[in-house]
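Both of the next two complexes hold chain A, though its partner changes from chain B to chain C.
== the complex of A and B ==
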């Protein structure tokens, strides 16, 4: 379990990083290395060059924007856990961060690395889909912004081009009355999720996003409560129907067995319950 | 002086270097000119090797079976009638029989470069049908793992103690099928070895992470055709063994051969993927069992058919059938009942050989028997603890010869259970259970008991006839010129704290302060022969041997002191490190100083034997000590998700006289943590191609700090009548009962739903599916 020999570069600017990425087809971006490291050791990836982007200042800063915050791609789970994004959504996301892996992993793992890897069992993926987050992407031809829903093409599949870099995650500030819920079911502390339910409900705007994730199946986002709640009221926990939801997940194309579908539905139910209690 | 002898809660001496990161493990050792080894391992479970293509430029650095024709395969036979031996080639010859089997050895300056070589060697296979499951292996038309065998059974055994009588007399009959998953024992340090040839001594030196250096030496000598004297095996610090390091590895043989062949030191450090997918396999049992009882829950008999998945080869020295054959003799557990039948099969499959793991065979046996007791209790609507109390061997029966002729030396089994009932507060749990939990979870309480034969010796192992039969255990004791004590034992300490407990024994006999006692272990060049550390034997065997050697040393010291004090040796008493005579006294230090440094002060007729003794020990009976315990646990089960939380865990255990109760507590905590792994997490799944499905610790789940509750341990201390100081072996016990106790607790929680689990680990999926199955059958 040792990687093949590779070169290593640590550019200081996004432009330098992109240039290297463009010039060396066998190059791979290295952020926290918490996913890439094991993949290197198992020789699942055999890059010629690793481009370490964690010293690029723009990528490790959190900036307030007009409608929310922009989190640099290399901001770590640990710094979000410790309050780096300024208590957006009453610290809801800080808690999501705290539930990722163990502190040692959180100290290195980054929000951008996690979203780029697009593991359906990953926490940011589910939590930020519920927020309707957007990604900022830089390439040699310019930058673009894309909704996370569109960025993710499936389990471990994204819209990212080979010479592109995720630079930031944009999170829109929700209204005061917005409610969030997050429930992760995992075999033991620090494990990836077997099932995740993540929800955002804004009563005023009628905005509703309920995410089913976890395991190995691509996540599903529901924006219409009527196939999940008998009363179609997203805050009426008692009318949330686990069996209906499991069926809705199957209808949405989630190709999982009964146990997995139900487990997701239960996680969703518990996320809704948490949101309703806030 | 604070109490330092037998019974003292002394802080472990070895922890100072461990806690400061100064341990010396194989991976810490460097040698000039040393190169690293990586093995090309089979990606398929069952196939003929049709060709191996090694590129020209690396041929000098790649070894295959063709190069090692002079090396003998590992063959671990037993004398049990009908046993079929297997030959485990060091590197695969013609055929591979499990994923991970070694095909080639590649040498390079670093491990990464050695892995580069591995990637360049191409092997062509002709696939053979794999046998991935032990019951499949037993089928008539199953593919054969070994040519020339008539079936896939290493060994079949049958005992029958008038089972038919029980069938006639019983009021109730309860049948169940149980199984325990294949597991991987997971010491923090994997295996690893450095082999080198010493030209001065004309000796092969192997530093290896082993529990049994002397046995490894014998195994190497046999495979390599060397004299024992040409081999030195050193086990430096070893980061956990648990049985995984109680075997001769083909890697060790291969490395030794390579060191001799290449003329420079070679090193191999097992990585976690090799550990999980190629080697560290254990525990996989299957039982079909029927209990016969009267209407009050008194057992009349147990009828069982047990199969153990032994994997592809018989490993050295414990052999492929020890696990299943032991099942037959220990399944009755702590109970006394009149009839018994047990039919066992050690089945060969295309999986790595099954190896001993803490609580060898006992964990599976305890799971089957203790789940059965609860099943009987549910059938009769009795409290499971009442059924246990009706059937336990009683203290007044001790020493007790059970139905399979196991000789239980001492103890009060019902009292252990009563204390556990009290500690877990069974009444309060039942009350709370009736009320129900506000969060919808279901509360359950479970119990399990076992007794653990330990330190059993010649009379037991001669019967198995495996390559290693323990005889008298020896120790060497030497007074140093400054009055310190050096103790040398052939066993090895790797977490058991023997450097501390044997010092305590030395102190107990000689009164020398423990700081001045040094325990030397794990090196065939320095220590007397020993079969090593396994079977919870060291406190009894090495402890007894050290006491024996120290006794004799005391008598030698008394002889010298008598000369110095001008009295008879019989007039000298040794106390607190001083020799007291009728007319004066001396410290042991003074005695040693005069013997070594000022022999001119001693008369000519002094005994020339001096202050160094090697002596041996066997308990008065070598059929083993029997420590035992009652485990009790309460759990909360979430019926929606299958999540299990352990709310309370109690262990009442009797390990005889405890030399160091703090170390015993540590052994119990560690063992119980592993037992929790067996109960709830650990499972190495093989698919129908016999491919292992977990290759990292993210797929093979181990319990961590947050999964192991604070365990409350209570001790009883019934001395063994047969051993020095009355000690019993306790090292494995903690790992035996948790799967049974926890599963019983889960089944107790689910009993109103009618669901019952009989497979370990009890995963959330298994729980939810068991509940769903009941619902489906209710609906139908």
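== the complex of A and C ==
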């Protein structure tokens, strides 16, 4: 249970980190290491070089933007749990953060690291898909911004190039009337979830995003989920059709058995219920 | 070796470490602080919990080199801590330990939970302590002990929050002993291995209308799935192509052969990429063909030397004529099993979907071959991993497009 020998670098700027990434194809970014650490110890990942980005000041910031907040890639779950991103979404994301793994993991695990790893069972992934979050990515040829929906290519697969680095997560401030719901089903607290439902409803703008995630299947985002309800009211939980949703997930290509599909549909139902009660 | 400077239990320490040395091993082996226990070594059990710059952390998945400039506290440093003293007494009184292996981690985590004011009731304590495993007590004594202490501890505001810390400890402001890239002593064999790079596999343009994947079942350690592939070529042509193992192998993303097929036996390798995991399975396959029944069986096994993971697989196929002899229906059944770390880590469905996806890619490439095209003719060069869900993803996108009444973009 010891990792292979690797080199270690601790750049102080994003540019230096990118230069290293470009020069050493066998390099891996270390952004907190709460997923990478276990994989290194199990020797599932055998990098030539670890690039520790946790001392790059520009990645450890929370900045208010015109339309929301930009969270640096190396901001930990624990600091978000403790209120670092302020009143965005009435503390909804603070609660999501508090539900990630365990406190001793949250103090080192980072939002950028989690999203880059793109585990379909990870909390940020599902929660921020429901928010329609965007990522800021820096590469040797420049920076770009991409919607999380486009960033995720599947389970543990993203649009990130080998010489690129996620630098920040942009979350748009929702209106006061916006409602959020998040529900995960797991056998043991803090475990990777078997199923996650996440929802954001903004009645004023008509924005409605309902996410099915968890387990090992690529997440599914419904941007117009009204067909999953028997009535027109998106927050009428009683009219949310679990059977229809399970079928829709299957139609969407989720190659899971009936139990798994239903589990996701139920998680979505509970997320909707939570949103409705707020 | 890398020189690091850090404070451990109030004492300034300067030591050389290899980058791969985790903090727990550093504390135990280099500093003889054996109160920190190493249990699972992959961040599950919590026995190795220590405090880094005021925040609890898993020392088995935190590397010592990353703690350069940090202040670390282990269980040994809490002898005179008033809150810890109360916890120690409560743990004794409530029989909150038996073998004691989990206890240092339990105490460090419990103290943190109480300090943060998160030990309000039994539910909160059980949730807050769920990252620390105990195999003796059944937790009842532990929960009671923590509840007793939490009940008469006044939480002070300044103890609680990490909101102003933002990043993992020690952060940019800490002392930094490091100047350049620090190199671990790399064994020559590993150096050589690193230089061997396997070419990224390729895939024909994704369209899988002619592939149907049936139900996935489990039979002991074997996962089984069936696929039917319809191709617009006569059975004879398909049968002949299937005889040419070298060509067939090029249809499988990530597969390369080490030599020609001799007496129905071939050696080769398969590169599979799954997120940050690269598995390079080296192995062999035996091929049996039954021309009378248009059936064939390929039995293969491979080993990933890096992770010491084993994979076994059996592919059976049967060809039937369709479309009045103009087309062929290939019924494929695949059974595979994984053993070793790869199996341990990978959650079943991720591998299942990978296999399904690889099988679909194989079918598309086979059709390309039948049409006389190279499998990679229209392909983007992709590693096997990024094949995993692209088709599923396309389907999802087209599904949304249907929902939204738009054409898929």
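Please note the rule applied: the second predicted complex is superposed on the first by the 277 of 278 C-alpha atoms of A that agree within 3 Å, B and C clash if a C-alpha of one lies under 4 Å from a C-alpha of the other, contacts with A are read in each partner's own complex, and residues count from 1 in each chain.
Everything that follows uses one rule, which is that a contact is a pair of C-beta atoms (placed from the backbone, for glycine too) under 8 Å apart; a residue touches a chain by one contact, two chains touch by 3 or more.
Quantities reported herein were computed from a predicted structural model and do not represent experimental measurements.
Trainee: Regarding the shared-chain residue A:258, is it in contact with chain B (first), chain C (second), both, or neither?
Mentor: first
Trainee: Could you look at A:187 and tell me whether it touches chain B, chain C, both or neither (first, second, both, neither)?
Mentor: Touch status of A:187: first partner only.
Trainee: So, A:234: does it touch chain B (first), chain C (second), both, or neither?
Mentor: neither
Trainee: With the two complexes superposed on chain A, say which partner A:266 touches: chain B (first), chain C (second), both, or neither.
Mentor: first
Trainee: On the A-aligned overlay, A:5 touches which partner chain: chain B = first, chain C = second, or both, or neither?
Mentor: both
Trainee: Contacts for A:68 in the overlay, against chain B (first) and chain C (second): which applies, first, second, both or neither?
Mentor: In the superposition, A:68 contacts neither chain B nor chain C.
Trainee: So in the superposed three-chain picture, is A:214 touching just chain B, just chain C, both, or none of them (first/second/both/neither)?
Mentor: neither
Trainee: More residues of chain A in touch with chain C or with chain B?
Mentor: The partner that reaches more residues of chain A in the superposed model: C.
Trainee: Of the partners chain B and chain C, which touch A:132 in the superposed model: first, second, both, neither?
Mentor: Neither partner.
Trainee: Where on chain A do the contacts with chain B and the contacts with chain C coincide?
Mentor: Of chain A, residues 1-5, 38, 42-43, 188-190, 192 contact chain B in one complex and chain C in the other.
Trainee: What does chain A use to touch chain C in their complex?
Mentor: 1-10, 12, 20, 26, 28, 30, 32-34, 36-46, 48-50, 52, 54-57, 59-62, 72, 74-76, 78-79, 81-84, 101-105, 107-110, 117-119, 121, 153-157, 188-190, 192, 215-218, 220-224, 227, 248, 251-257, 260
Trainee: So in the complex, which bits of chain A are touching chain B?
Mentor: Residues 1-5, 38, 42-43, 185, 187-192, 194, 242, 258-259, 262-263, 266 of chain A touch chain B in their complex.
Trainee: Given the complex with chain A, which residues does chain B contribute to the contact?
Mentor: 110-112, 115-116, 119, 271-273, 640-641, 643, 681, 695-696, 698, 701, 703-704, 706-707, 763-765, 768-769, 772
Trainee: Chain A touches which residues of chain C in the complex?
Mentor: Checking each residue of chain C against chain A gives 2, 18-20, 22, 25, 41-44, 46, 49, 52, 55-58, 60-63, 65-66, 68, 109, 112-113, 116, 126-128, 130-132, 160-169, 171-172, 174, 176, 178, 180-187, 190, 194, 213, 215-216, 274-278, 306-308, 341-342, 344-345, 347-350, 352-353, 356, 385-386, 388-396, 399-400, 403-404.
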